[in-house]
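A, B, C and D label the chains in the order they appear, each numbered from 1.
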Amino acid sequence: MRTFLFRRLPSGLLVLLAASFLIFLILRLIPGDPATSLAGPDAGPEAVAAIRARLGLDRPLLGQYLGWLGDLAAGQLGPSYAIGGEVAELIGDSLGATVELTLGALLLVILLGLPLGVLGATVRRGPVAVAVRALTTTVLAVPPFVTGVVLVLVFAVTLGVLPAGGHQSILDQPDLGVQYLLLPALCLALPSAAILGRYLKDGLERALAEDYVRTATALGISRGRIVRRHALPNALPPAVTVLGLQVGQLLGGAVLVEAIFAWPGLGQLAEQGVLRRDYPVVQDLLLLLVAVYVAVQLVTDLVYTWLDPRIRWE
Amino acid sequence: MTTLAVGPRRRRLLPAGLHTLRGTTGVLLVGAVVLAGLLAPLLTDADPLAQSGLALAGPSGAHPFGTDDLGRDLFSRVLHGIRTDLLISITAVPVGAVLGCALALLAATSRGADVAVQRVFDLLLAFPGLILALAVTAVLGPGRWPVVIVIALAEIPGFGRQLRAGILVQREREYALAARVGGASRARVLLRHVLPNAVDPLIVQGAIAFSLAVFIEGAMSFLGVGVRPPEPSLGGILSQSMAYLSTHPGYAAAPLLVVTALVLGLTLIAEALNEGIRR
Amino acid sequence: MSAVLQSVEPSGAESSAAVLRVRDLKVEFDGVEAVSGVGFELAAGETLGIVGESGSGKSTTALALLRMLPAGGRISGGSVELAGRDLAALAEPELRAVRGRRIAMIFQDPMSSLNPVLTIGRQLDEALRAHGAAPKAERAARAVELLDLVGIPDAARRLRDHPHQFSGGQRQRVMIALALAGDPEVLVADEPTTALDPTVQRQILRLLERINRERGTALVLISHDLGVIARTCRRVLVMHQGKVVEHGRTEDVLDRPEHPYTKRLLAAVPRLDAPSTAAANSTPGPEPLLTVTGLAKSYGPRRRPVTALAGVDLVLHPGETLGLVGESGSGKSTLARALVQAHAPSAGEIRYRGEQLTRSRAARREIQLVFQDPYSSLNPRMTVGRILAEPLIAHRLGDAAERAERVAELLTQVGLEPDAAARHPRAFSGGQRQRIGIARALAPRPSVLICDEPVSALDVSVQAQVLELLSGLQRELGLAILFIAHDLAVVRQVSHRIAVMHRGRLVETGAADRVVTDPQDPYTAELLAAVPQLNHRSPV
Amino acid sequence: AESGDGAAASASPRRGGTLSLATTIDFTPSLLFAQSANTLVQRLVFNTLTRYDDQLRPQPELATSWQLAADGLSITFKLRDDVLFHDGRKFTADDVIFAVKNLQNPVRSAQLRSTAATVTEFRKNGDHELTLQLAHPVSNLFDLFEFMIITDSATVEDAVAGKQLIGTGPFRYGKRTPGSSITFARNEKYWNPGRPYLDGVEIRVIPQADSLVSSLKTGQSHLSYHVPGKDLAGLKGSGQFQLRPYDTGSGAYYIGVNVTAEHVQDKRVRQAISWAVDRERLVQQALGGYGLPSAAPWPKSSPAYTDANATRYRHDPAKARELLKEAGVSGITLPFAHSNTPDGTAIAQILQHDLKQVGIETELQPTDSPTMQKQLISQTMPALWTLSHGFAQLHPATLAVSAYPFNEAKNSSHFSSPAYTDIVQRAWKRPDSDSAEARALYQQVTDTLLDEEFVIDLAIGGQIEVAGSKVHGATLNKFNYLNLDDAYLTA
């Protein structure tokens, strides 16, 4: 495991470096600059120039880039340009909300995706099969921004059982926190759950066609047990890879869902940052997302290895 | 007597599996949507851009799907929206697929290249898509191209990873070794022998890719960086309709119906092909 | 155990002692009849062998006994009565109670038939809990007992291991242990030893015999190897094209075959005691064509290497066939692959006509390989014509027209019609595919042909055809052949000399007849002793 | 208690409760001293010297009384002496001096900087009295004091960095979660005894307008000023809410014209555009009917507002075509930038359609706001764009000297004319703002604007307060600062 980490570390760092460069570049390529958006709607050019100088935006680009990397290496994130506050605090605050949302969604992805996949692979006919198919298709066909609005309309406005949006830390008030978390997490989880279910269904179908399932059947083991105890463990490793990919999507793709549910997470912060050209916030945030993603990939590979004994021994 | 063992698959004119009920239904659904898009000018003579004071009207003889918030005929907009989305998908998905496959082939050349390509996929997957969408549109200006680029970029890792996995498996097959022993160069083994056997999963991936494309187009419209208004697009109509979901749910229904039919059709085709391949 | 001999006629008088009674069984695959009217009875503790050519319906019959036909297949007639109940009429839960408990099956390929991600202990436990709810500790004890029974050393510890940590022979034993978990009355074994070398094969057969003897489990053994049947079964059933063509006591059938097919089958079986026919076929040239010295190869990470070849020395003369035998995993395929430069050896050198072998295209042309598995080595997406033309294109031999001509010539050479070029590999039978593999290897006109187990997967009649083809080619083209196989009888028949491999080394090399009749190395002797022979008679 | 709150306080006010306020736009600390889209925070944490009543007459707040010199060149304030900042420090005349100087700093980019800059000298008469000396008289002087919040000089940098806000207002700044919420707690030592009634205020940022409406409907939020017009009808119908329009409006929608661009250099083309657009339909379809179609920038609260100005241009495509013909313009295509928000896009599409009817093709350019802003400031706008502007709600001179689209010295339209400059300066540099003479000048400004049409005004957006039935007494000042001094929640 240690060697595994060592082997992955250099390429991971390279990814981060490449990402940092791309992020920096993309941000500067976007027209509009932080000083003008900071200056407000009726500012004069002199105000803008003064702000540019104060933010150091008049320095050469390479200097700005290296300066950023240097600050990062020193653990200094500095103040935000436009949103207000320290970047570290901003990211720290929204990171908590995003982690909550992502973990909540991940849990739902598993809770929904698993049965969808298993039922999809084992029930071929009848109302259950139709229901599974209908659910999967709808979820895949209806974009999350529609799902979100519909969920709010149904559960918050019409039924009034769940809040329409906002965030309550689950750590402070678990019961209330869960109520706030449920809809956005569901909205975020649905497409991923459908995708996971799909891959799982595929994997299960393939596993169920394997010879060892024939062996188990010949031994008189019941169908249900074969699916659960024999086929599923074989279908899980590839599903875990898919899940790992989805975590990246959940982390980064939450912009819309966070906007709909007024969830103060990284997605919102990133959108705010881009909309105000708050370079420090966006740069650090995107880099963090890439780093988290790289880490998630690493964890995925470790879990994969743990689930599949064949790899462990090679 | 020697029996012919049943081969892993049968080749027919149409890909295997599309002859099943599931496959046929899928082809019909997708065909209907595509045809509706292609024949849009014949199916309706309403101008999708013409506005009137009659906003948010319900379905009527003149407006089968009603009108939108600016008094435009929704039926015509949806049909023309299909065209837009088809055009976008038909450019973006193949570009993403080709780039992804090229990277996967590059990965097959050496260990170093493999690690590098894998990290490129990581990078593409890690970069938040919507931020990328905002950035690309801001740089290029609004329109169809940024949407195409964002979708293509999003499709690269999907295709690339699938193909890479396929190549890794196929490369270890004996026929690849046999080709090598027969004197074929590495490149020839990869391109002529391994690649044709590794592309099967991409058919399914391709089908899924089209629904992803419609998704991304919609999300970009939602963020105001989609196709240039007033050009209609399915995602665009859908995102505009959200503001009226509680007061005029019919507005959202038409584009949703089309997207659902398209996705259901593609899913069915993908599944049918999948089964055909596995058989 | 006393063997109760049943009436030879399956449709004859009913015997109250029969546990399994099959009557006029018919199986269809999508309307095509694969098994048509098979019938037999099996009494407790009895042994029955089923032989027949590939595709004659042996496996299908076995699966029908458990009502476990693959999708598309169905029992279209007849009955399978197990302890008086017709399986065809049972509901799924009742069937489950029968499977594993009354009748159990051992499948051919032990690797794919074991669940790769579950430990052996878990799989045994699953089998045990499928019947009766013994407490966990009791089941664990039973599992150890079962592994012990099938002769896995250190059973208690190995429960925690996964299938890939066992050798091929051990996996087959685990399969048997699983089948025994439900203490079945009937055990059906479908080609349990086909891929195994003689020593391991003997161990498995002995185990089956012991189980039959000690526990009174009735045994149905399916094999294409008549020697295996001869040593294990008291009665035998010969199948051909879905029908039983002959049925009787093993001695009777083997000594006095009545059906023409049975006669053909018996005639095709190579006999270990038959002398080599190689010398009559061709005379090796004096100058060595291929010289291998100190060849070594190891796999895996540098810190934990697996040594596959540990210093192999070998010469091969033009026109000579060198047989290579040895236990599974001894490095035979590794050597073959090193010779065609599919991988670089860790040490040692290979000389061709006295020159160091290079990676140049010209050098690679001279040595060609015929693969063990004819199907997986043929590209499924290419026509046979393309497959055969590929080496010609690679070596830039001729233009398109010349290549087409050469392809037709090659096909004729290996006994196929030239119009075969337009078809894909899947449209050919196993034996035909093996010929295509040989044709491909011959395409660039090599002087050395390496055949890695070219006949192991084929039944004896097809095997005979392929062997005849090879010796014909040697006769005409003066090819040098390295012939790898695990069947010593076959090897003796075709080889001038035999080399015996054991744990990555050649332990013995000598004239074919000499090695078989007068082995010098103890390992060779062990190997020879393990070969099942037709003249063996089943123990009573 | 001051005047003007009698009507609101019909039921007896109740102490306690936390008011939850929903907004689509987050508070931007760096724009604390500029008028931005979110001005809910200013008057909660801070106070101003004076505040306007409905007739634009200044009323005392931190200043108890004032004396404007007859020549309009100086003003003397008497200040309250019982006011404490949230950190316990006493409020004095120095704080007023700092506040004015602060607005003179270009970095603060305050729109009223030009007015603040006329203050040349500060004379303190003790801690609670001071005189401001002006370079010349200005007609919008009290706009400045309505606008200028009194901040703590020591922590002003922290304030614009979003770290802490220290003022004298009714609420203390609590915790801010950017993009999500800001909380405020009651200032127990507020100078206005017994106020505020509320224990706290929470501003919830809900970027999605639909979500904001849901939040109101579910009772999660009590009050909002950011409900899109098209959702108001639904809320009004439900009977759950009180809707209250403010005459100040929420800014005006306009088409900006770059007068250096081809074709639109010609005044007649610009006028044709103004005739071509259907302002009524725009208000109906894009603003849900909540807004005032108007060719002039002035909302009803402005002294310059007249019906005649508002309806100077009506929807008259024939007239537009005639003007275009006269100008010799046909078959043109103009680039047309607009904000890429749903509302901005809807408005642009409506305008595009209307222009097309008179033969002007446009190519829409959805642009995000920072890009637009940069183009505005660097004067690189395309031929046409549509946006909204503020600052017409007070004294008309403020618009022309402070709002960038209308600035006589430098604007995004590249428009300048000596006549415009002269009239603007004359309207601005005068001591009174409400005389007949002043009004005549305002009319001249309006006439110039409506003739030149470098800014083609379309409609004044409605400023609607949506309050749940429990909410009472919330008001906005003329700069849309939220005043909750007298607000309370009934049970």
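Quick note on the criterion: a contact is a pair of C-beta atoms (placed from the backbone, for glycine too) under 8 Å apart; a residue touches a chain by one contact, two chains touch by 3 or more.
Which protein is which chain? UniProt says A, B = Peptide/nickel transport system permease protein; C = Peptide/nickel transport system ATP-binding protein.
Predicted model, so just to flag it, every value in this text is computed and none were measured.
Engineer: Applying the document's contact definition, name the chain pair with more C-beta pairs in contact, A-C or A-D.
Structural biologist: A-D
Engineer: Can you compute the centre-to-centre distance for chain A and chain C, using the mean CA position of each chain? Integer Å is fine.
Structural biologist: Whole-Å distance between the two chain centres: 51.
Engineer: Go ahead and note the Å separation of the Cα centroids belonging to chain A and chain D.
Structural biologist: Each chain's C-alpha centroid was found; their separation is 39 Å.
Engineer: Please compute the C-alpha centroid of chain A, do the same for chain B, then give the distance between them in whole Å.
Structural biologist: 22
Engineer: Using the average of all C-alpha atoms in each chain as its centre, how far is it in Å between chain C and chain D?
Structural biologist: From the centre of chain C to the centre of chain D is 89 Å.
Engineer: Provide the list of chain A residues touching at least two other chains, using ranges where the numbers run on.
Structural biologist: Correct list: 30-32, 149, 153, 157, 271.
Engineer: Can you list the chain D residues in contact with two or more other chains?
Structural biologist: 210, 368, 371
Engineer: What residues in chain B touch two or more of the other chains?
Structural biologist: Answer for chain B, listing residues that touch two or more other chains: 134, 138, 239, 242, 245-246.
Engineer: Output every touching chain pair, sorted by label.
Structural biologist: Touching chain pairs, listed by label, come out as A-B, A-C, A-D, B-C, B-D.
Engineer: What residues of chain D sit close enough to touch chain B in their complex?
Structural biologist: Touching chain B: residues 209-210, 213, 228, 230-231, 233-234, 281, 284-285, 340-342, 344-346, 348-350, 352-353, 363-368, 371 of chain D.
Engineer: Quick check on the complex: what are the chain C residues that touch chain B?
Structural biologist: Where chain C meets chain B, its residues are 53-55, 240-241, 337, 340-342, 361, 364-365, 368-369, 371, 373, 375-382, 390-391, 393-395, 424-432, 437, 440, 443-444, 462.
Engineer: Which part of chain B faces chain A closely enough to touch in the complex?
Structural biologist: Chain B reaches chain A through residues 115-116, 118-119, 122-123, 125-132, 134-135, 138-139, 211, 215, 218-219, 222-223, 235, 238-239, 242, 245-246, 252, 256, 259-260, 262-264, 267, 274, 278.
Engineer: Given the complex with chain D, which residues does chain B contribute to the contact?
Structural biologist: My answer: residues 49-51, 53, 55, 69-71, 134, 138, 141-142, 224-225, 228-230, 239-240, 242-247.
Engineer: Could you list, by residue number, the parts of chain A that touch chain D in their complex?
Structural biologist: Listed in rising order, the residues are 30-34, 36-48, 50-51, 54, 79-85, 90, 93-94, 97, 149, 152-153, 156-157, 160, 163-167, 259-264, 268-269, 271-272, 275-277.
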